[in-house]
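A, B, C and D label the chains in the order they appear, each numbered from 1.
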Amino acid sequence: MNSLIPLLIAAPLAGAALLLLGGRRLDRSGHWIGVLAAAVSFAFGLVLFFQMLGRPVSQRAVDVKLFSWISVGGFQANAAFQLDQLSIVFVLLITGVGSLIHVYSVGYMAHDERRRRFFGYLNLFLAAMLLLVLADNYLLLYVGWEGVGLASYLLIGFWQHKVSAATAAKKAFIVNRVGDVGLSIAIMLMFTQFGSFTFSQVFAAAPQESRGGLTAIGLLLLLAACGKSAQVPLQSWLGDAMEGPTPVSALIHAATMVTAGVYLITRSNAIFDLAPDARLAVVCVGAVTLLYGAIVGCAKDDIKKALAGSTMSQIGYMVLAAGLGPIGYVFAIMHLVTHGFFKAGLFLGAGSVMHGMNDEVNMRYYGGLRKHLPITFATFGLGYLAIIGFPGLSGYFSKDRIIEAAFAEGGTEGWILGLTALVGAAVTAFYMTRIMLMTFFGERRWQPDGKGELPHPHEAPRVMTLPMIVLAVGSVLAGGLFTINDAFVNWLTPVTGHSEGNSPLSSGTVTLITIVCMVAGIGVSYLVYGRSAVPVNPPVGSALTRAARRDLLQDDINHALLVRPGSALTAALVYFDVKGLDGVVNGVSATIGGLSSRVRRVQNGYVRSYALSMFGGTLVLVATTLLMRSV
Amino acid sequence: MSLMTLAASGNTPSIPAPQIEYGQLSPMLIVFGTAVVGILLEAFLPRRLRHPAQVGVALLGLAGAFAAVLVLAIQGYGGTRSGLLAMGSVALDGPALFLQGVIILASVLAVLSYAERGLDPRIDGVPQDPFTAQAAATPGGEQEQLATRAGFATTEVYPLTLFAVGGMLLFPAANDLLTMFVALEVFSLPLYLLCALARRRRLLSQEAAVKYFLLGSFSSAFFLFGSALLYGYSGSFRLPEIADAISGTAPITPALANTTQNDALLLIGLAMLAVGLLFKVAAVPFHAWTPDVYQGAPTPVTGFMAAATKVAAFGALLRVFYVAFPGVRWDWRPVMWGVAILTMVAGAVLAVTQQDVKRLLAYSSIAHAGFLLTGVIATNRQGIAAVLFYLLAYALVTLGAFAAVTLVRDSRGEATHLSSWAGLGRRSPLLAAVFALFLLSFAGIPLTAGFTGKFAVFQAAAAGGAIPLVIVGVLSSAVAAFFYIRVIVLMFFSDPQPNGPAVVIPSTATATVISVAVAATLVLGLAPQYFLDLASKASMFVR
Amino acid sequence: MSFLLTATCAVPAVGAVVTAALPAGTTEARRRTSRATALGFSVAALVLAAVIAARFSPDGPRYQLTESYSWIRAFGISFSFGVDGIGAVLVLLTAVLVPLVMLASWHDAAPDSGDSVAGTPAPDGSFENNRRTQGFFALILAVEAMVLVSFLATDLFLFYVFFEAMLIPLYFLIGGFGDRAGGPEQARQRSYAAVKFLLYNLLGGLVMLAAVIGFYVIARDQNQGTFDLQALTRAIADGKLVIDSSAEKALFLGFFFAFAVKAPLWPLHTWLPNAMGESTAGTAVLITAVVDKVGTFAMLRYCLGLFPNASKFFAPGILVLAVIGILYGALLAVGQKDIKRLIAYASISHFGFIIMGIFAMTSQGQSGATLYMVNHGISTALLMLLAGFLISRRGSRLIADFGGVQKVAPVLAGTFLIGGLATLSLPGLAPFVSEFLVLVGTFTRYPALGIIATLGIVLAALYVLVLYQRTMTGPVKASVSGMPDLKARELLVAAPLIALTIALGVYPKPLTDLVNPAVADTLVQVHRTDPAPVHPVAATPGGVTK
Amino acid sequence: MNPVNYLYLAALLFTIGAAGVLIRRNAIVLFMCVELMLNASNLALVTFSRLHGNLDGQIMAFFTMVVAAAEVVVGLAIIVSIFRTRHSASVDDSNLMKL
């Protein structure tokens, strides 16, 4: 039954191929083909999951080799898949949440003339992500890795006629490429050191490698993860990526793309375990991003961008956890899964709001929507509670464990990380409450659209609300289910290993502090946005606020550090190519031409001067002949 | 014993009657004989019959000479049976026969393009050939017009050419300096005259003749003085005997013992002799006449000069250096290196800015002389073979190129200014393509005759240790390629001028010339094996 | 002795003659006949190329299907043909691309197009005008024939002759059938480009000629007076032919210079943007995807095979130039305003990769470089031909003249994007396999260079996506609003290329199987082995054969 | 007298002739200078003939004279025809073709 594994990928891939090549014939029914492809893949995933459950722990991981892909000398890359406990979690998340987003999109994109293509891209996205998590070696993973980049490029820029969308898509791809450089070099380094880049062989050989080598590999993998998971310093694409249709944002943020970095680090646990320096870098990146995203999330008025900041921050949690090593891998993945539910729910909710509000995204023009969009309000609300870690909901279980694990790192490091995580939790509560309050509570601040009509908010059709409801249920229950008997931890331990660490604070204490932080965040938020009316025009705000609105000046920094010098360099090189190199080429021919016209003058037409040149030539000839003899 | 005492003794030894091998000398004798017949025809035939008769006789004579060359070659005179004729003053060996064959071939083609009468419009129903109606008439004068109307034609060109051909046949075969000098003058004097006989642009034509004549006789004087010095050194004009004197194997007389110690005689004589020969091959710095003469002379004559003169002169150059001076090659090689480099570079560089197609081809011929000199410098058998092959290829392609030039005409005759060639590829793609093929061959593009020749001389030079020459050679080839390609660009990728020249459809004569040249370009480029073998077999000088 | 290889070269050559000799294209029907004839011959060549690939046995000797006919005995030159794995894949590439180029250029050489040669109309019904179509297709076939000979020749001289001779038909293709847009100024540019192309390459070829002669003379002095490649390499391997070290270096440089000009390697590249920019898209493809490959191919076969020690000596320097070329080409591509010049600079960057792979002297590097030649051919052909379709619709090559094309011509935009993605070596597409192999192959021996070169992939993304963004996305510009989408003929051109791009990205094994043994042999010639892993995996690495 | 002195004279005459070619403008005079060079050669030939005691040099001198005579015929014809055209025998007037 392992032959199902390739089919997991084949189903959405076939869907994509069919939709993209099928032409207009499929315009009317195409979206259902897309949904079907995703659902079939999910079904396969479930079957495989239950099969895996039925096997003893030691035999749960299976390998399937399809064919030898690249074979040159010692360089052997197979098209081979590995399905183990870690990948099946991702498979289910990707296909499950992915299918729901597909269903939602049927409604959301109902009026888009290019809907068929949209579903094609969605299917491609799933296929690429599945390839990423199912590959049994880094090179094949790389294919999925870039495939995800491509799909995100296509989807972020789906509305290509908008300049901003096209630019955002390009930015996403290029920033990701920077990360990909890290993955490429990491693979090359593995090949040079181990002669292989298959997971099993690399991990088996890793202990022989020097710490420096492992650290290098770890850092390169981190660079890759930063790109895909939008971690500082490669975070800048994520906010702009909101130019894509909302389901795309949901897909990128919840089920695919940004989770890939966490997967990569967790998958490479054997390397990171042996490279503490690399791990330190990972936790630093995670911690910084966690705060970064949270701060940005507080300042944004665009609902999607605020959620994007939140994603960045939550992924920061995961990366932080993954960087903690065996203490944290499992919780990173657990948070990833729960986050998948509630962030998908939140984004779909946001999409539903926009759907009702004529695609308005500015929260300052929302307000009081809870009565008009009850289902959206309910599902969004549950997602909200889950993300801020309201006790009993899924975010509570996963995030809490990460904060605990951060403290458990021990020493000063542990304290710094733990406190960072706590601050993050408080800020999360603040900005999420802000979103809730600005969107669903308070006065209506609706603005007339271009035709002067006020929006008529209405609940989305069932095809959109149904996925939201399912996701809301997941957001509520997932965390709890996972913690029963430490089921999730036990499930993943064979792959990632797990150790408890020794926290300076007891589990209960951490939980308590976390809840306090959360409440504090909510409280402050309520004081600012709940008690008083939200101004329609944003106040000037502090320097930090203003910076945060501009994503903490990320684009300005990139511009100053990379873009401007880069274009100056390019311009200089273009000049150099034309005037310098080509100048030499043309200069040579000009020199010969000039020489020619100068020497030509000797040929002056006077027979006597010709005779003179002959006579002179004779003298020289005679003289040199004689000279040759005397020398 | 001095001559005076010899005569005074009254004991005059009987002078043996010279032994002349008429059969083996027949190529030259046939040509000279035909030339004499031509003079007689000129004297006795009515005017209207002269043209066909002269052309026919000339072609017949040349064909006979060629047949004679073939027969001699088949009989093995180019190889095993090669030897000296006419009391040792003429050599019959591989190089001589090969080059005589080439010269005759070139002459046949040249005569054919002389005979072309279809290019200029008829005047009063009289077809006009490339030569002036009456050479004695002043250009543009009344007498000239009358002569033209009356259908006069300078049919003397055919016997003149045959005399020149005869001289050229003798030149590379000459085994002593006396014969060589006579041959030099025999082929030069008719050429001076031929230069002056253009129908159009007679001022240029006459100027070319004056320049060629004055400089030519100037160079002959050097040749002669050089011969005198060499005679002084060695006591003989015979090339092998000069070589013996140099190597010290000659029978020693007291006078000889005296002079052979004086290397200055040898070296100055050698240099001055070389000047005379280098003038004929148009090597820098003795090249100055070439562009002016090539431009001014009637184009068919230019073609003949460019092809046949160069062949003959290189033949003599080879013989002099390989037969007479191998013993002092360490003296002349460095000097010839310099001349070769200067010739290649100057020829190529100067051609870059030329605006007249005939001058361009003149400079190109200078550059080719440089390439040929690298083969001469090789001082090995491959060098001889390579030069022989190169000359064959060069002569045929050159004749084709000049024949093609005659076809591009406007109201004032040939349009040789390059600007009027613009867009020729669009008006007359066939001619442009053919001319482009010749240019590519000159440029040494593979699969053409020029490439094979160039490869042959360069590899011979390299084998002879002249690698730097080869490098200079390829670099100047690159420069040379530039101006050949410039012409191609002009023909194919530029707009034609509104009142540009037209391409005249030639008669069979010129068409034959061009076809043969095209065929030669391709055959010598694609399947040169037979001719390389021939040249290789012919690459042994008799002593 | 079979005649397969001769036949493969002869078919396009005969085709060229036949096409040129067909009756003048005074009517559309006649022109169609000449086009169809030419296409027929190119397809026949493709069939023969496929037969070669099928009959080639990777386990057999390096050169197979050998034939030899005497040509110029005086210089030890013969018409010797033989195919090795590297040659086989490049022959296939050539044979595949030429029919597609013809199909893409179907109307590029139509008469009375008003542009004709120099921006002014040719006189109607003139000879030149009527022969235009035939001339164009005959020249393409001539180029194909010469390229095939270069790939199949196992005689150094034979190779050299055709290496040089192919410049001439290409020169006429560039100069005579340029891009339609623009007036006299562009005609001037075009003839400048053609002359620059020819002279630059001719200079390279002439320098090589000096080296060829030098090599021959040295070999003859040691009784190896032949140009037969197999005999020469054997003699070098057996020590029967010993070239003094400094002479070997000089000869290597002579050869390498010619190949580096043709490839082109930075800083000898400046002819390429002019040539590709000014010629038709079909000609540009012929230059960059087919003809330039002869240069890199020759580096691999002749530089390494004949001068192993000098190759090793110069490898680091060449690698540095290659890496500079990778980054330089990419940066220049970013700065271009002209679509075709952009693609040209991208190609320069890619040639940097190919040359880097060759001189890294590892099996990954060289196999990768060979695959890269094929894949670059396919991907550039795709991108360039589509760019040509795009340009012909708008009549401008300037990026700024386009915008929003995807809205009006989605299929054109989509296929163009695939071409772009192939150019930036997206994993899953063929160029990725080769690029990664080259990078790995370089990294294992020269880690620093490998890392620097890897930066090129970011720049590749930049220039491709900037190009796509500016031309295809955004609001629809008025000038492109009526632009038709791809026609059936154009789709027929793009589809096989796209299919190949994907197929060879997913399953490159057929190619690697052909190439690997030849590369292994090359490495033996230069006495190089792959660097061993520092910590080899205990068990034999998965699936290692041999 | 030492025959070598004749050689010096020959060289002197040759040089004078060459200098005359370079200096004089009139085509006829130019040509006469060339003749002077030829005769210088003749003198050298005869001297060497005497020196070596064989007749070859003298024979050569005769041939030279014949050749010189032929040259005069041809040369004068050309010079006269151009004189008739231009009414000038100055070689400096003949420079239509240059560069």
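In this text, contacts are C-beta pairs under 8 Å (C-beta built on N, C-alpha and C of every residue); 3 or more make two chains touch, one makes a residue touch a chain.
Per UniProt, the chains are D = NADH-quinone oxidoreductase subunit K.
The model shown is predicted, which means the values in this text are computed figures rather than measured ones.
K.L.:
Common contacts of chain A and chain B?
P.N.:
Looking at chain B and chain A together, the chains touching each of them are C, D.
K.L.:
With centres defined from CA atoms, tell me which chain sits nearest the overall protein centre.
P.N.:
Centroid comparison flags C as closest.
K.L.:
Averaging only over C-alpha atoms, locate the centres of chain B and chain C and give their separation in whole Å.
P.N.:
That pair's centroid distance is 45 Å.
K.L.:
Roughly how far is chain B from chain D, centre to centre by C-alpha average, rounded to an integer in Å?
P.N.:
Distance between chain centres: 24 Å.
K.L.:
Please compute the C-alpha centroid of chain A, do the same for chain D, then give the distance between them in whole Å.
P.N.:
Chain centres of chain A and chain D, defined by C-alpha means, are spaced 96 Å apart.
K.L.:
Determine the centre-to-centre distance between chain A and chain C, using the mean Cα coordinates as centres, and give it in whole Å.
P.N.:
Result: the chain centres lie 37 Å from each other.
K.L.:
Using the touch definition from the top, which residues of chain D touch two or more other chains?
P.N.:
18, 21, 30, 91, 94-98
K.L.:
If a residue has to touch 2 or more other chains to count, which residues of chain B qualify?
P.N.:
In chain B, the residues touching two or more other chains are 210-211, 214, 218, 222, 291-292, 482.
K.L.:
For chain A, write out the residues touching at least two other chains, lowest number first.
P.N.:
Chain A, residues with two or more chain partners: 589, 600, 603, 605, 607, 611.
K.L.:
Let me know each pair of chains that touch one another.
P.N.:
A-B, A-C, A-D, B-C, B-D
K.L.:
With touch defined as at the start, can you tell me which chain D residues reach chain A in the complex?
P.N.:
18, 21-23, 25, 30, 91-92, 94-99
K.L.:
Using the touch definition up top, name the residues of chain C that touch chain A in the complex.
P.N.:
Its residues touching chain A are 196, 199-200, 267, 269-271, 328, 331-332, 334-336, 362-364, 367-368, 404, 406-407, 414, 421, 426-428, 432-433, 436-437, 439-440, 443-444, 447, 450-451, 454-455, 457-458, 461-462, 465-466, 468-469, 472-476, 506-509, 512, 516, 519-520, 530-539, 541-545.
K.L.:
Name, in rising order, each residue of chain A that touches chain D in their complex.
P.N.:
Per the stated touch rule, the residues are 600-601, 603-608, 611-612, 615.
K.L.:
Spell out the part of chain B that touches chain C in their complex, as residue ranges.
P.N.:
My answer: residues 385, 423, 425-429, 440, 443-447, 451-452, 454-456, 458-459, 462-463, 467, 470-471, 473-475, 477-478, 481-482, 485-486, 489, 492-495, 527-529, 532-533, 536.
K.L.:
Quick one: which bits of chain C touch chain B in the complex? Just the residue numbers, please.
P.N.:
Against chain B, chain C makes touches at 70-75, 116-120, 122-123, 126-128, 131, 160-162, 164-165, 167-168, 171-172, 175-176, 184, 187, 190-191, 194-195, 198-199, 202-203, 206-207, 209-210, 213-214, 216-217, 220.
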